[in-house]
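Let me begin by handing over the structure; questions about it come next.
The chains carry the letters A, B and C, assigned in the order they are written, with residues numbered from 1 in each.
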Amino acid sequence: MRAPSIGNIMSLIYILDLCAVGVCAITATLEAQRRELDLFGVATIAVIAGIGGGTVRDILLGRLPVYWIHDPIYVVVGVAAAMLTFYMERKVSIPKNFFLLPDAIGLALFTVIGTSIAMSLQVHWFIAALMGVITGVFGGVIRDILCNEVPLIFRTDIYATAALVGALLLIALDHFGMAHNLALIAAMLVIVIIRLAAIRWHIHLPRFRAYP
Amino acid sequence: MRAPSIGNIMSLIYILDLCAVGVCAITATLEAQRRELDLFGVATIAVIAGIGGGTVRDILLGRLPVYWIHDPIYVVVGVAAAMLTFYMERKVSIPKNFFLLPDAIGLALFTVIGTSIAMSLQVHWFIAALMGVITGVFGGVIRDILCNEVPLIFRTDIYATAALVGALLLIALDHFGMAHNLALIAAMLVIVIIRLAAIRWHIHLPRFRAYP
Amino acid sequence: MRAPSIGNIMSLIYILDLCAVGVCAITATLEAQRRELDLFGVATIAVIAGIGGGTVRDILLGRLPVYWIHDPIYVVVGVAAAMLTFYMERKVSIPKNFFLLPDAIGLALFTVIGTSIAMSLQVHWFIAALMGVITGVFGGVIRDILCNEVPLIFRTDIYATAALVGALLLIALDHFGMAHNLALIAAMLVIVIIRLAAIRWHIHLPRFRAYP
C-alpha cells in the first residue's frame, strides 16, 4: 500500500473543508429555528457560521482578499445546506444529536487548517495556535452575535479548549519533525475525542459564581 | 442632446453616494430614538450605518485602507446628518414614511456601487453580486447589532433580496454588452421598484414557523 | 538633566501600552462577572477588550497583519490579567473605583498611540483623530457586543469625547511644531483630566428624551 501523496491529502482536506462549512450551515439553520428569521436571514447566518472563522483569520493575518472571494463554492455550499435544511426541517424532525460528531469533525478540521495556514506564515507558535482556535470557533461566535445571544462557546462546554489543545499538539508534532499530514490527523483525532468526551461527561471549565 | 460623459456619471454617483450615506445616517438616528443613547452614540451608530456596508466590502476584498480613510467627507456627512436629525427631531416630528423612497434609492445606489467595484476586480459574478448585497445591507446589520437587536433585514421584508436581484441584473446586462452607466440605472430602478412594491404589498420571504 | 531620547519614550510607551491592555483585561473580567461565562469566555472577552481597538484601527488602515500577530506578548498579558482577576476575585473583593484612574490612563494611551500611527500614514487630520478615538474605545465596544449589551460608551459619560478632544489637541500641537513626545504627554493629560472630571461631576452629552 502506498502512502497518500500530499496532493491527495490536499484534495481530501479541501473536500472535508467544504463538508465542514455545510455542517456548520446546517447546525446554524437548526439554531436559527428559535428566532423569527426569514429565508434570507437564515441563509446569511448559516453561511457566516460556516465561513466566518476563516474570514476573521484571513483579515487578521492580512491574507486578502479573504479565501472565499476567489472560490465561491464555499458560499454556494453554505447557502445550499441552509436552504435544504430550511425546507427539510418542516417535513422531518432532525435530532440535534445527529450532528454532534460531524460538528466535532468540523471543529477539528477548521482548527488544523487555520493553524497550518498561520504556521506557513512563520508567525509565533502561540499566535498560530490562536489562529487555529479563531478559525475553529469564530464562525459560531459571529452566528450567536447576529442572533443576539452571548456566544455559546463563552458559556458552555469544552469547545474552544479542545481546539486549543489540538492546535498546540499539531505545532508540537510539527516541531518534533513528524510528517505534516500525520500530525494533522493526530491533532484532529485529539480534538474530536476531547470534544465528544466533554459532551459525554459534561466536563466544563470553571465558571464565575461556581463557588457558593 | 448629448449623452452624459463617464466623468459626469461618476460625479453624479459620488454625490448620490454621499446623499445615501446621509439618508442612512438620518434613518439610523430616528431608529436610535428608542434607545437611551447620547449624542456620541447616535452619531457613531449613524455613521456606521452609512459607511459600514462599503467598509465590510473593502475589508473582504482587501481594498485597504477602506474607502473613507482618504476621503473624510463621508464621515463628515454622516455626523452632520445625525446631529441635524438629533436636534430637529425635538422640534418637528419626522414621519418615518418620509424616508422610504430615499432609503430605497440609497439601497439601490450602494448595491450597484459595490457590485461595480467587485466586478472591476475580476471576481466571480456570484461573489460580485454578494459584494453588492453586502455593500447595500451590512451598514444596517452593524447598526442593529450595535443597538443590540437581531438585524432587521434577517426578519422582514424584501430588502436584501431586492439588492440581490438588482446586482444580478447589473452583471447580466454588463455581460450582454450594455453600456455600464445604462446598466447601472436599470439595476437601480429594479431595486427601488422591488423594494417599494414589497413595502406596499407586504411581500416577504418564507419564514420559519410560517406553516401552522 | 537630559531630555529623554526618542528611544526611551518609545520603550516607555510600549510598556505603558502593555499595562493598558492589562487594565482593560482586568476591568473586562470584572464586567463579565455579571454574566455566566466560563474561564475561556472571560479570557477571550478580556483579551478582545484590550487589543480590539488597535485591531480595528489596523484593519481599517490596512496595516496587516494586525499589530499583535508579530508580538504575542499583548495576548499573553491580556490572558494573564484575566486569569489572575478571575481567581483573585473569588478571594478579595476589588472595588471598581480602584480602576478608574488606570482605565483613564489606558484610554489616553490607546488614543494617542492610535492618533500617532494614523498621523504617520499621512491621512487627513480628521481621520487621524477618528483612528485615535477608535483605538481608545472600540475594545470596549466589542466587549459589550460580545456580552450582548448596547455598548456602554454609546449611553453614558464623556468617554469617547475625552478621547476626541485629546486626539485633536495632539494633532494641533504637532501642527504648530511642538515636539511629538511633549505633545503626547499634553494630550494624555487632557484626556485623563476630562475623563476624571466627567466621572466626578457626572457630566454627560445630551441624550434623546432629555427634554421632558
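By our rule, a residue touches a chain if its C-beta (ideal position, glycine included) is under 8 Å from a C-beta of that chain, and two chains touch if they have at least 3 such contacts.
It should be emphasised that the depicted structure is a prediction, and the values quoted were computed from it without experimental measurement.
> Can you check whether subunit A and subunit C touch via the same residue numbers (shared by over half) or via different ones?
The interface is built from different residue numbers on each side, given that under half of them are used by both copies.
> Taking only the C-alpha atoms, how many degrees of rotation bring subunit B onto subunit C, rounded to the nearest 5?
120
> How many angstrom lie between the CA centroids of subunit A and subunit C, rounded to a whole number?
Taking the mean C-alpha position of each chain, the two centres sit 31 Å apart.
> Which subunit A residues touch at least two other chains?
As it turns out, subunit A has residues touching two or more other chains at 59, 64, 145, 148.
> Where on subunit C is subunit A touching in the complex?
Interface residues on subunit C, with respect to subunit A: 32-33, 35-42, 44-45, 55, 59, 64-66, 68-70, 72, 75-76, 86, 90, 145-148.
> Within their complex, state which residues of subunit C touch subunit B.
Those residues of subunit C that touch subunit B are 59-62, 64, 121, 123-124, 126-127, 130, 141, 145, 148-151, 153-156, 160-161, 204-209, 211.
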